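Each of the two complexes below includes chain A, the first together with chain B, the second together with chain C.
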Partner chain A sequence: MVESTKKKAIGIDLGTTYSCVAVYQNNRVEMIPNDQGFTITPSIVSFIEGGAAVGNAAQMQLVKNPKNTIFDAKRLIGKLMSDQSIQKVKGLLPFELARDQEDRVTIKVEEKKDQPKSTYYPEQISAMILKEMKRIAGIYLGYEVTDAVITVPAYFNQKQRTATQDAGKIAGLNVLRIINEPTAASLAFELEAQSAEDRYILIFDFGGGTFDVSLLSVGDGNNQVLATNGDTHLGGLDIDTKLVEYFVVEFKKATGIDVSMEQQALNRIRTTCEKVKRILSTETETDVTIQNLSTGKDLDMKLSRAKFVDLINPILKRLLPPIEDVLKDANISKNQVQEVIMVGGSTKIPRVRELIKDFFGGKILNHSINPDEAVAAGAAIQAAILNGDQSKQIKDFFLLDVVPLSLGVAISTGGMETVIKRNTPIPFEAKKGFKTASDNQTAAEFKVYEGERPLVKDNYLLGDFEITNIKKAPKGEITFDCKFDIDANGILTVSAYDEKNPHNQNKITVNTKTLPQKKIDELIKQSQDNKELDAVTKTVLDAIISFEYFCDLLKKKFKDRRLKFTPQEKKQMVTSFQQGDKIAKVLKDYGKTVVGLQNLSRYMERYHQELRDLEAIVNPILERVHVAAGLQWRGRKECAGLLEDPKEDQELSKTQTCQHFDGDLD
Partner chain B sequence: MAASSFLKCLLLTVLLALVSCEDYYQLLGVGKESNEGDIKRAFRKLSLKYHPDKNPGDEEASAKFKQINRAYEVLSDADKRQVYDQQGQEGLERLERGGDNRQKGPSARADVHVSLEE
Partner chain C sequence: MNYYELLEVDEKCSNEIIKKAFLQKIRQCHPDKQGEAKKASELIEAYKVLTNFRVQYDETLKQQFKQCFDKLIVTCNTVKYQCEQCGEENEIDLDEQINIIVECTGCNLRLQIYQQ
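Showing the complex of A and B:
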C-alpha cells in the first residue's frame, strides 16, 4: 500500500543502437513498451523540417534523410574532436561532425532548408532519446517520472559518465545514479536467481556499440564487482561495417560501380547487412539482394555463415583478452567461474557463443535473461534500491560497485602515481604523501588523471589545482598530504595540504564536465520551455513521416516486378503518388503553423482525411494486382509484410515495421 | 540551530578520530585467526548495514563504510595482511609507498610544477 503513494524511479538502458526502459513494481521488473508495442526503441534522432523525430519514426529516416538522422551519439558523448576514436569514425558517419571552440564534438544538422546548419552536442541528442524514454514511462505509469538510473558501458571514463548524466538533466530527469551495464545485467540475473550461495559470475556483454566484461562475486543479496574490462568501440555496428566493406568490394567486382562515396547506397547496404547478420544466426546461408543499388544495378549474391565468420574474425579475436584481464585482475582462474551470463544482441551470433564456450572449457553459457532487456531490468532494480523500495526482495539486496579506472596524480617524471586502484569498491578514501621536486619550489600543481598507463600523457586528465606560497626549502623537504575521496556516485574530490603549514591547502571536486555548467543550465531550460510544444511537434512529425512513408510504399509497389498493372492503373498510381508527394509537402508546411492542442486536432483531422482519400484510389488497384499475382494486399500493414520476405528490397530493419501506422491511424 | 550543528560536527569529528584508530580486525568484527571466507562474509554483512545506498544522507554511515572498505582492502590481500599483522599500520604504509626506503628520494616522490616568477 505504501508502494502506491511514492512515485517510481525508472531504469534506462541508453544503448548505442537501441534504448530500453523498465520499472520495478508489484515485486517484479516490468519492461515498458513504446507506442509501437516494442520494449526496445532505436537510439536515433532525425531532424526534419519542423522538428526532431525520435525512435522508430527517426529510424525510418535513416535511408531517406541520412545527413540529418543521427545515430551513434553514445560513441561521441564526452569526447573531443581530436580523440583518436573520433578521427577514425568521422568519415564513416553520414552526418557532419564539427568541433566547437574547445574542441568538443558537435553535430551539424539542417533544420530548415537553405538556412545555416544548427549545431548540437551529443549530450543533446542523448537527451532527446532519454526524454522519449521518460515519456514512454510516463504513459505507462500514468504520472510524470523524474527519477532514473541510467546505464553506461563499464569502460566509460569519468567524462563520458558525467556527460551522460548531463544528458539526463537536459532531458528533465533526476539521475539517481549512473551504473555499469554488465553490473546492471548481473543485478537482473541475481534478483531472479535469489541464491544464498557464494559464487563468481562473469557477465559477457556484447552489444550494438560496446563490449564489456565484468566479474562479480555474488550471494545472499550482495553483488560485489571484482573486476571489469572491455572495449568502448566494439559491437554489432562494427560487424555491420565489416559486412558493408565486403559488399562494396563485391559490388564493384560485379558491376564496376564504386558506391563507397554514395551515402544512400551505403545506408541501404548497412540496413541489409544488419538483417543478414540476424538471419545468419539461425541459417547457414542467405541471399543478399538489393534492387537498384546504384545506376540501375542490383546487388545480388549469397553469403554463407562460414564466410561471415571469416569476415568478422578480426572482431572475434578482440573478445578474449578482456576476459583474461578480468580474471587476472580478480586473481581467479576460469574454472572458478560458476556462471557465464551472455548479454547484448551480438551474443546471438553462434560463433561468439562457441568461442566463449570453448574458452571456458565447454561450460554451458547462461542465456536465461533476455539479452536486449537485462540491462534496463537491472537499472530498474538499482532505481528501486535507491528509491528506498521496502519490498522484501529489494530490502536486503544491494550493489557494491567499483572504480572502473585507476585514479592518480602526475609526478615530476611525467609518470602516474596511482592513489586509488581500479576495481576498488566505492565509496572509498585514500591518502598519499608527495614532496617538492626542486629547491626553493614555491608552487605545486596537482594534476589528477584516470587510466592504467604508466605515463600520464596516455591517461585522461580529470582536473588540476595548485598549492602556492610554499615556504622556500631544499627539494624534498616540504611534504603534501593528498587525499582522494570518491563517493557512492563515483564523484571524486581531491584535496591536498602543506604539512608544514596546514592552512596552506587547496581542493577540487573533479570537474569532468565536457560542457560548462552554464551551457547545461541553458539547455535544461530550453528543453523544459518546449514541453508542450514538443508534444505537438511529435504528433505532427509522426503524421508527416507516416504519410511520406505510405507514399514510398506505393512507389515501391509500383516498381515491384511481380505486380502487373494495366496502363490505366499505372497512370492512376503515378498520379496518386505524385499527388501524395504534394500533399506531404502541404502537410509539412501546414505542420509548421500548428501551435496549440486545438490547432493540432484540426491538423490531425486533415491528415486522416488526406490519407483516406489517397487510400480510396490506390487500395482497389493494389488489391487487384496482388490477387492477380497470387499475393495478398494488406493495406497499411503491408510494410511489415515486406520485411518478412528477405528477397525484397530491405531498407527496413526488424523494428521499423509499419505498426507505426496502426498506432497513428486506427 | 547553529550550535547544535556545530556540536554534531564536533561529535562526528571525534567519532571519525576514534574510528580511524580502530584496528582493522575490530572494524570487521573478526579475529586474527579468521580465514578469507570469514573476512568476506563479515565485510558483506557490514556493507549491507553501512553502505550509503542503504543509508541515504547519513554521513556517519558513509564514513564508517569507508573505514570498513579500507579494512577489507588490507585484510583481503594476503601480502598486505601479513605486513599489517607483523609491522602494524606503519609497516603497511611503508609497503604501500613502494616498500622500505627505496623510493624515499625526493625526485621519485615529487610533483611537478615550479613557478618561474619567484
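Showing the complex of A and C:
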C-alpha cells in the first residue's frame, strides 16, 4: 500500500523536565530523535548573549548561568503571581519571576549585559521548546511540520490548557488538539495490546512535575476515560527539592557553611540530586560527592535508599488519595481494575512501585510501555486519528475523554452552582437558567469557577463577565440562559443572554485571563519574522556552548584526582585551557557578526577547526592518563550535546545512552 | 425523543447494553470522527442520565405519560390531548391498534398509549 503523501501531524509531550516528539507512520509510532540522538529533550531554555538556547545546549547552562536558564515553565504557565503554588516556589527558583498588570506570571531574563532585563511569558518559553520539537520533527520527516497534538496533565485547569494552546500557536503550530497525558499513554498501550476484550485500566502517571491518575474502560478500539484526578504540582522536581534541602542542612552541619542563598551551589546540588535519585533506583546506597561546593569545601557523604525513602515520604503519601478518588468517582472497586500502567520518569523509583503494588493487593504492575515515551506516542496516535489516517488500526481507534474539574457559576449566597460536573465526557454543552436576585437589578455579573468545593471562594476563578442594561423588574422576573460549552480539547466557552431581550449583550465569552488574542498575534508575528535568523542564532549559540562545555570538561579532568599528569602535561593542559577560553571569546564575538546562512557555514567550519586543533593537543595526553588510571577517555563523546562534525564519522557524535556529563559525581 | 430512543435501546435493557450502544453511537458522531459536537453532547447527556439517574428518569417518563393520559379525551376511535411540553393540540386515530406511540406534532414529545 502506498503511504499517503499528506503531511503528517506530530504528537508532542511537552513535559515539565523533558519533552518528546513522535509521529505515526508506516503503521507504527516512530519516536523522533533530537540532534544528539536522544528521544527526550530537556524542557529548558537558556538566554545567553546573542539569543536563546533550547534543550541539551540549555541544560548545560543550568549551573553556569542559573539566573537566565529557565526550567519548570510548565508549572508557571497559565498561573497568576498571587496563586499559592507560585508563591511557594517563587523563592526556590534561580531565575526571577515578576507579574504583569493583570497579575500574570512573567519571567525576567538578562539578554544583554548591563541592559534592563527582558520579560517573557511562560507561554513564550514553552513556545520555544515546542518550536524546537517542531524543528527536530521537520528534520526527521524532511518537510516543515505544522499540525500537532500537544499533551497536558489531565488535571490541568482551563487556564493552563488555554495557555498551552497559545504556546503552540506562538510556536507556529496548528494545534489539532490538546489531550490529557494519561489518556495519551492509554492510547499507546492499547495500540500495542490490540485487545477486543472490555476491561478497566488505571494509568498512574508520575512525571517530572505533575501527577495524574486516570481510570479508563477500554476494548475493541474504544478508549473511554471514566474518571481522572491528580496534582499539578507533584513530581520528580519535588523529590529533587527534598533532597536539595537535606543536603544543604547536612553540608551546614559538616562545614558550618550555609549555601541556601548561593544559587550556583544550589543548582550544582540539584543536578547531583537528580542523578542520586536515578542511582538509588537500582542501587541501595550511593556516594554523593561535589568537589568545592562552597569556599573550597567539598560535599562528601553517603545516602542510602532507606534514608531517601524516608526523605520523600511526605511526597509518597500524596500518591494514594487520587487513586481512591478515581475509583470512587467511577464507582469501581480496585479488584475490578485489570491493568495498572505505570508512566512517567518518577515511576522508576522502586518505593513508588511497591506502594502502588501494595495498594492493588500485590497486583503486578504493567511496565510494558516506555514511561518516558508513552505520552508522546499516544499524542502521535491521536494526531493520526485527527489527521484522518486511513490505516486500519487507526481508523478503528476512538478516544472519549472527560473534563477533570467541575465548572460552575457563583450565586448570590457565595455558593457554587455547578453547571458541568467533573468527569463528564467531552465535547459537552449544558444550559442553566439564572434569575435576578434583587428588584430593579440592571446588571448581572457572572463569575465562572472551576473546582469541587461548595463555596466559590475555595474554588478557582476562571473569569467573569457582565450583562448590563437589564430592564427594571421585580426580582426573579428576569431570567438568563447561561451556556457552558466544552469542546473536544476540554476548553470552555461560556455565554449568557437575557431571555427577555436576547439581542441585548448576548454571547459574551469568558475572559480567562490568559494572554489576550492581540498579544498572541503579536508574539506569533515576532516568532515568524525571526525564522531564518533564529535558525542561524541557534546553530551559533549551540556551537559556542558546546565549545565552552568541552573546555569545562578538560578543566574537570585536570582536577580529577585519579588522573596523574606529568609536569610537562600539566603545563600543556593549562596552556590549552587559556587558549580554549580565548577561542571561546573569539567564537562569541564572531558569532555576533553572523547574519546569513552563507556566513554560517564559514562560521561552523571555523568552529570545527578550532575544536579539532584543541583536541589534537589534549587528546593524546588525556588518553595516556586515563589508561594509566585504568579508565577510558572517550573524547568528545563524554560531553553529550557537542555539535556534529560533518567531517567525522557520524557514529562518533551520536551517543547511544543518555549520559549527561557533569563530572561532579564519581 | 426520549433518551432510550436517542440511544436506540429498549427501556428495560441492562446498563451494559446502554454503555455499548452509547459508545457505538458516539464514535460515529464525535468531532474526532468528523461528527458534530452538538450531537455528541446530546448522546453524552442521555448516557449520563441513564447511567447515574436511571430510576428517577424512568419515573419522570412515567409521570409525563400519566399526566398526559389524565388529559386524554377519547371519543370512539380518536384520542385528543394537549401536549404537556409545548401545549400543542393533537388528535390521533386509534384504529385497531392496541398499543400505539403518538408523537406531538408541535414538539415531537412521544407518548405510548395503552388501550385498556
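Keep in mind that, in the parts below, the second predicted complex is superposed on the first by the 604 of 666 C-alpha atoms of A that agree within 3 Å, B and C clash if a C-alpha of one lies under 4 Å from a C-alpha of the other, contacts with A are read in each partner's own complex, and residues count from 1 in each chain.
Please note the rule applied: a contact is a pair of C-beta atoms (placed from the backbone, for glycine too) under 8 Å apart; a residue touches a chain by one contact, two chains touch by 3 or more.
No experiment lies behind these values; they were computed from the predicted model shown.
Undergrad: So, on chain A, is it clash or fit between chain B and chain C?
TA: clash
Undergrad: Counting residues of chain A in contact, which comes out ahead: chain B or chain C?
TA: B
Undergrad: Which partner chains sit in contact with A:K475 here, chain B, chain C, both or neither? Use first/second/both/neither.
TA: In the superposed model, A:K475 contacts chain B only, not chain C.
Undergrad: Please work out whether A:Q84 is in contact with chain B alone, chain C alone, both, or neither, and reply first, second, both or neither.
TA: After superposing on A, A:Q84 lies clear of both chain B and chain C.
Undergrad: Touching A:T436 in the superposition: chain B (first), chain C (second), both, neither?
TA: first
Undergrad: Between chain B (first) and chain C (second), which does A:L399 come into contact with in this model arrangement: first, second, both, or neither?
TA: both
Undergrad: So, A:Q224: does it touch chain B (first), chain C (second), both, or neither?
TA: both
Undergrad: Same chain A residues contacting chain B and chain C, which ones?
TA: The answer is residues 217, 222, 224, 385-386, 388, 398-400, 424-429, 487-488 of chain A.
Undergrad: Spell out the part of chain A that touches chain B in their complex, as residue ranges.
TA: Checking each residue of chain A against chain B gives 198, 217, 220-222, 224, 385-386, 388, 396, 398-400, 409-413, 424-429, 432-438, 441-447, 466, 468, 475-476, 480, 487-488.
Undergrad: Sort out for me which residues of chain C touch chain A in the complex.
TA: Those in contact with chain A are residues 19, 23, 26-27, 30-34, 37-38, 40-41, 44-45, 47-48.
Undergrad: Would you pull the chain B residues touching chain A in the complex into a rising list?
TA: Contacts found on chain B: 40, 44, 47-48, 51-54, 56, 62, 65-66, 69-70, 72-73, 97, 105-115, 118.
Undergrad: In the complex, go through chain A and note every residue touching chain C.
TA: Residue list for chain A touching chain C: 217, 222, 224, 385-386, 388, 398-400, 424-430, 487-488.
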